[in-house]
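The structure's right below; bear with me while I get my questions together.
Each chain gets a letter, A, B, C and D, in the order it is written, and its residues are counted from 1.
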Amino acid sequence: MTYKLAARTPMILMLQVHDSRARDLETPNLLATDPIVPIESFRDCFGNSCCRVMAPAGKFVVSTDSILRDSGQPDPKDVTARQLAVEKLPSDVLTFLLPSRYCETDILSAYAWKCFGNEEPGWSRVQAVCDFVHKHVSFGYAYSRATRTAVDTLNEAVGVCRDYTHLAIALCRCLNIPARYCTGYISDVGQPPPHPEMDFSAWMEVYLGGQWWVFDPRNNDVRVGRVLMGRGRDAADVAFALSFGQHELAEFRVWIDPIEAGDHR
Amino acid sequence: MTYKLAARTPMILMLQVHDSRARDLETPNLLATDPIVPIESFRDCFGNSCCRVMAPAGKFVVSTDSILRDSGQPDPKDVTARQLAVEKLPSDVLTFLLPSRYCETDILSAYAWKCFGNEEPGWSRVQAVCDFVHKHVSFGYAYSRATRTAVDTLNEAVGVCRDYTHLAIALCRCLNIPARYCTGYISDVGQPPPHPEMDFSAWMEVYLGGQWWVFDPRNNDVRVGRVLMGRGRDAADVAFALSFGQHELAEFRVWIDPIEAGDHR
Amino acid sequence: MTYKLAARTPMILMLQVHDSRARDLETPNLLATDPIVPIESFRDCFGNSCCRVMAPAGKFVVSTDSILRDSGQPDPKDVTARQLAVEKLPSDVLTFLLPSRYCETDILSAYAWKCFGNEEPGWSRVQAVCDFVHKHVSFGYAYSRATRTAVDTLNEAVGVCRDYTHLAIALCRCLNIPARYCTGYISDVGQPPPHPEMDFSAWMEVYLGGQWWVFDPRNNDVRVGRVLMGRGRDAADVAFALSFGQHELAEFRVWIDPIEAGDHR
Amino acid sequence: MTYKLAARTPMILMLQVHDSRARDLETPNLLATDPIVPIESFRDCFGNSCCRVMAPAGKFVVSTDSILRDSGQPDPKDVTARQLAVEKLPSDVLTFLLPSRYCETDILSAYAWKCFGNEEPGWSRVQAVCDFVHKHVSFGYAYSRATRTAVDTLNEAVGVCRDYTHLAIALCRCLNIPARYCTGYISDVGQPPPHPEMDFSAWMEVYLGGQWWVFDPRNNDVRVGRVLMGRGRDAADVAFALSFGQHELAEFRVWIDPIEAGDHR
C-alpha cells in the first residue's frame, strides 16, 4: 500500500496473518515500511494483531510478505452441524448476536424471520441466507461505499464482498445464529480463469454445533487457500488500515502465488 | 375528528368524497366544524378537493357525512391488461414514475428488478408485487410511524395500510409501471367478522392497458364499497388533515353503514 | 450531452429555457438530436416544458443553443419582504410546504425550529438558513450522490449545488416558508476568476411578501445572468434528462457566453 | 422488572453494580428472580458482569437491591485535562474511537469538525459537544425508539438520555476523543423537586489527559450519587435485559434512596 500523506499521520494497521495461522508460517510475517518508522504491536479486544505507526508526511509505503503452508483443503463443511439454542451458547459467543455498526439486527429481525423462519435451523438455514444474499446482491467495485450497511445492501441490492458479508451476518444474528466478520486473502487456486485482480476479501464465520464455520456469501462456495487476517463484529473492527488524518491511497496491491511444497527453499 | 388545540391553528383538510364520485352522492358532502368557522375550498395540483380553515384554540370538531350510491360491484379486474412501454405512456402519467417522499424508487430499483424482473409484465407483475408486499409486511397499528418510507417498510417488515401501499407503489414505479396513492373509505360489506374499528384506508392505482386500476396490497383482494377521497404521489400529498401548529387529535371516528336502495328516504 | 445507449431508450428531457423567459429569447430555443428523432413536447404539472424522445441504440447527442437577452441586473432583493402566515398563503403555494423525496420536512422540523426559531421571520430567517447551509456544507463533485437527501446533507456536511438547495428548502418548509427547487444556468459574468467548468446549477425560490424570490445557498450571493430551465418540489421533479434504460453519459458540456447587445446580428 | 413471557425465554441481564464500585457495597449485590431459576454469571468483553437465565413462561420477576457507600462528591472535573494525540493513546482505548451501531462516526465526521473544530482541544471541546447536544435535543419518553442512532438524534432533535449520549459519543469520537457509553443509576440527591420517576440512566466517559472522565450530556451538569452498571461502545453493548423471544415488560421500577451513614444497620 502506497500512501500520499499531507502531514504526519498516526495509522493503525491490521495486515498480518492471524495468530491462528502462525504455525503455518514458513517465513516470518513482518510489516515493513518505507521510510522505516517504529512499529508498535498490540492486540485488540478480538485478539487480532495490530500495528501502530506514525507515518511521516509524503509518500509512505507499507508492505508485508510471507510464505505460508496450506493444507490445500477446501473450507470444512458439515451440513449436519446443528444450531445451538441461545441458552446453550458459550458466553463469549453472545457478543456476535448483537447489532453492530454495519449489521442492524434491531431493524432486520422481522425481515429475517419472515424470509428464513421456515428453513431448517442449523447449517441449511445459514446456507439459505447465503444463497439469498449471493443471488440478491450484484457485485461491482463501482458500488463500494464506506458507509453502506446491511440494510443499505438489502435495499440497493449491490455491493462488494464486505457488503455481502454484512448482510449475511445481520440476517444470521437475527435468527440467533452467532456470526462474525473475517478479512483476509483468498487464493485463486482451482478457480477458472479469468482471475480478477487480487484484493483482500471478506467472509463470515458462524457458530454451529459448538464451533465456528466459514461461510462465504460473496462466492457462495468452498475455497482453497483462505488466509485469515482479522476477525470482529463487522468491518468497523477490522479495517486493514485506519488513518487519523487526510490521506490518499495511491497504490494498493495484493498477491497470492501458489508454491509447490519445497519450491521456496 | 376532535382536536385539542393550544392556539389558533391553520388546517388543510382533505376529507371529502372525490369528484369522480360526485354523481353518486345522494346528499351533499359538506364539511362541518364546531365551532363554526369559515371554510375555503380549493383544488390541489392532483385535482383533489381540499378545505382550509383557521381553527380556534380549544376543542375543535371536524365532521362530514353523506349518503353515496354504490354499484355494489367489487373492484374491476382485467388480468389481460397489458403494461405500456414508457414511450407509449401519456405525458400526465409520467409523474407517477418518479420518486417521491415515501417511495424511494431511486434506491429500490435494483431490488425491484431482481425480485420481479422475471414476472410477466402487466397485470401479473403488479399482482406479484402485491402478493409479496401483502405477505412480507405484518399489520399492526402499533407499528405506525409518520416518517416510515417504502425502504423502511421493506426492512422492518411491519406497517399499516399506508406502508403496504408505499412499498407496492415504489416497486411498481421501479418497474416502469405508473402507480399513485389513494386514500378513502372501504366498507366491511361482504367481509367475514369480526370487523375491526373503521379507519380511513389507503390503496394504490396502477396504470395498465391505458387506464388506472385499483390494487390493494394491504387486503390483497377486491373489495366492495371503496370510496375515494384523494389521490397523489404518496401520503405526503393526501394527508386527510394537516395542522400548522401544535395539536392533539383527541378523538377520531370513521363510519360506513350500508343502506339498501331507498332506505334513506 | 452525448449518450452511449445499449438499446433503444425512451428519454424525458428538461433542457429548454423556462417559459417565464420566453420573451427574452433572441433565437428560438429548440432541442436538436443526432441522429434526428421525433420530439414530443409536453408540459409537466409544474408548468415546465419537457421533451420526450425515443433515443436509438448507440451514440446519441442532445443539444440546444440560444441567444437570450438579459437585464444584466443581479437577483432582486428586498430584505423587508415579510413572511405570510400560513392562512394567508395562496392555495397553489401550499404544495411547496410539503415534504418531498429529497426534502424530509417531517424529520427535520424540530431541528429547524431549534436552530432558526429565534431568527426574525421573513427575509432574514431565510437568509439565516442560507448562511448556515452555505457554511455547513463543503462543496465537491466527488461528493455527488443521486440518492442524497436534505437529511443526508445535514449529516455528511458535503455536497453539490443540488444538495445545498435541498437542505435549504427543507429547512424553509419546516419553518412554514414555501420553497421550491430551480434548475438552470448561471453565468460567470462579474465573478472573479478562475471560472470552474460550466455546469447546470440549482437554487431555490421562496415565497415572501406575496411573491417568489431567488435564494442561492450554494453561492450565497446575488448573481447576474441566471437562466431558469425548470421548477419543482425538488430535484426529482426537474431532472434535466431521465432515461428509462441502461445508459452512459459520455460527454456533458454547458456553456454561457456573454454577448454585448447587437453583437450577434 | 416484571415480564410476561409467552414461552421459556433465554435472557441476558446486566443489572448489577459495576465491579469498579464493588468495594463500596455494604450489602451483596445479588440478582433475585421469582420464580427462582439458576443464574449463570459471566463477564463480557468490556469487563461487565452479566447474568444468564432461562426464564419460564408466564410472569417472571427480576430484582436486585443493595446498599452502597457513596462519597457524596459530585463527578470529578478538571477543565485543564488535555486531549492526547491519537499516537499517544493507549491501545486498549482505540476501540472507543471506532464507529458502532448507534454512533455512526463514519457519517458524522465532517459535521463534527465543522461545528467543533474551532473549539480548544481537550476538556472545553468535549464541553462544547455536551452543550450543543444538551441544547439541541428535546427530552421526552414519547420520543424513545429502540433503533434511533446518533444521526437520527441529530436530525430529529428529540430523544431520551440514551440518545443524548449516543450523539455526544459519536461527535467526540469524530474529533479523535475516545468516548464510551455508561449505564447506571443517578440519584436525585441535591436536585430541585419535582423528581421524575426513577429510571436507569445513560451517560458517557471520555478519555482526556490519560484517564476517563464522566460527562453527562442529558443533564449537562455534575451529579452526586452516580452508580455505574455497565460500559461499552454504545447501548447495543450494555442492554440491561436482552430477551431472545417474545416478551412484554409489564412493570419496571428503579429506586435510589439516600441513607445517612450508619442508618441501615
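The criterion applied here is as follows: a contact is a pair of C-beta atoms (placed from the backbone, for glycine too) under 8 Å apart; a residue touches a chain by one contact, two chains touch by 3 or more.
These are the chains along with the protein names UniProt gives them: A, B, C, D = Transglutaminase family protein.
None of the values given here were measured: they were computed from a predicted structure.
At the interface between chain B and chain C, over half of the residue numbers involved are used by both copies, so each side presents largely the same positions. With centres set at the average Cα position, the gap from chain A to chain C is 43 Å. Look at where the CA atoms of chain A average out and do the same for chain D: the two points lie 31 Å apart. Multi-chain contact residues, meaning those touching two or more other chains, occur in chain C at positions 107.
If you draw each protein chain as a dot and join the dots that touch, you get one closed loop, with every dot joined to exactly two others.
By the document's touch criterion, interfaces exist between A-B, A-D, B-C, C-D.
Touching chain D in their complex are the following residues of chain A: 10, 12, 40, 42-46, 50, 52, 54, 85-87, 91-92, 94-95, 98-101, 104, 106-107, 146-147, 176, 236-237, 244.
Chain D contributes residues 107-108, 110-111, 114, 135-136, 138, 151, 154-158 to its touches with chain C in the complex.
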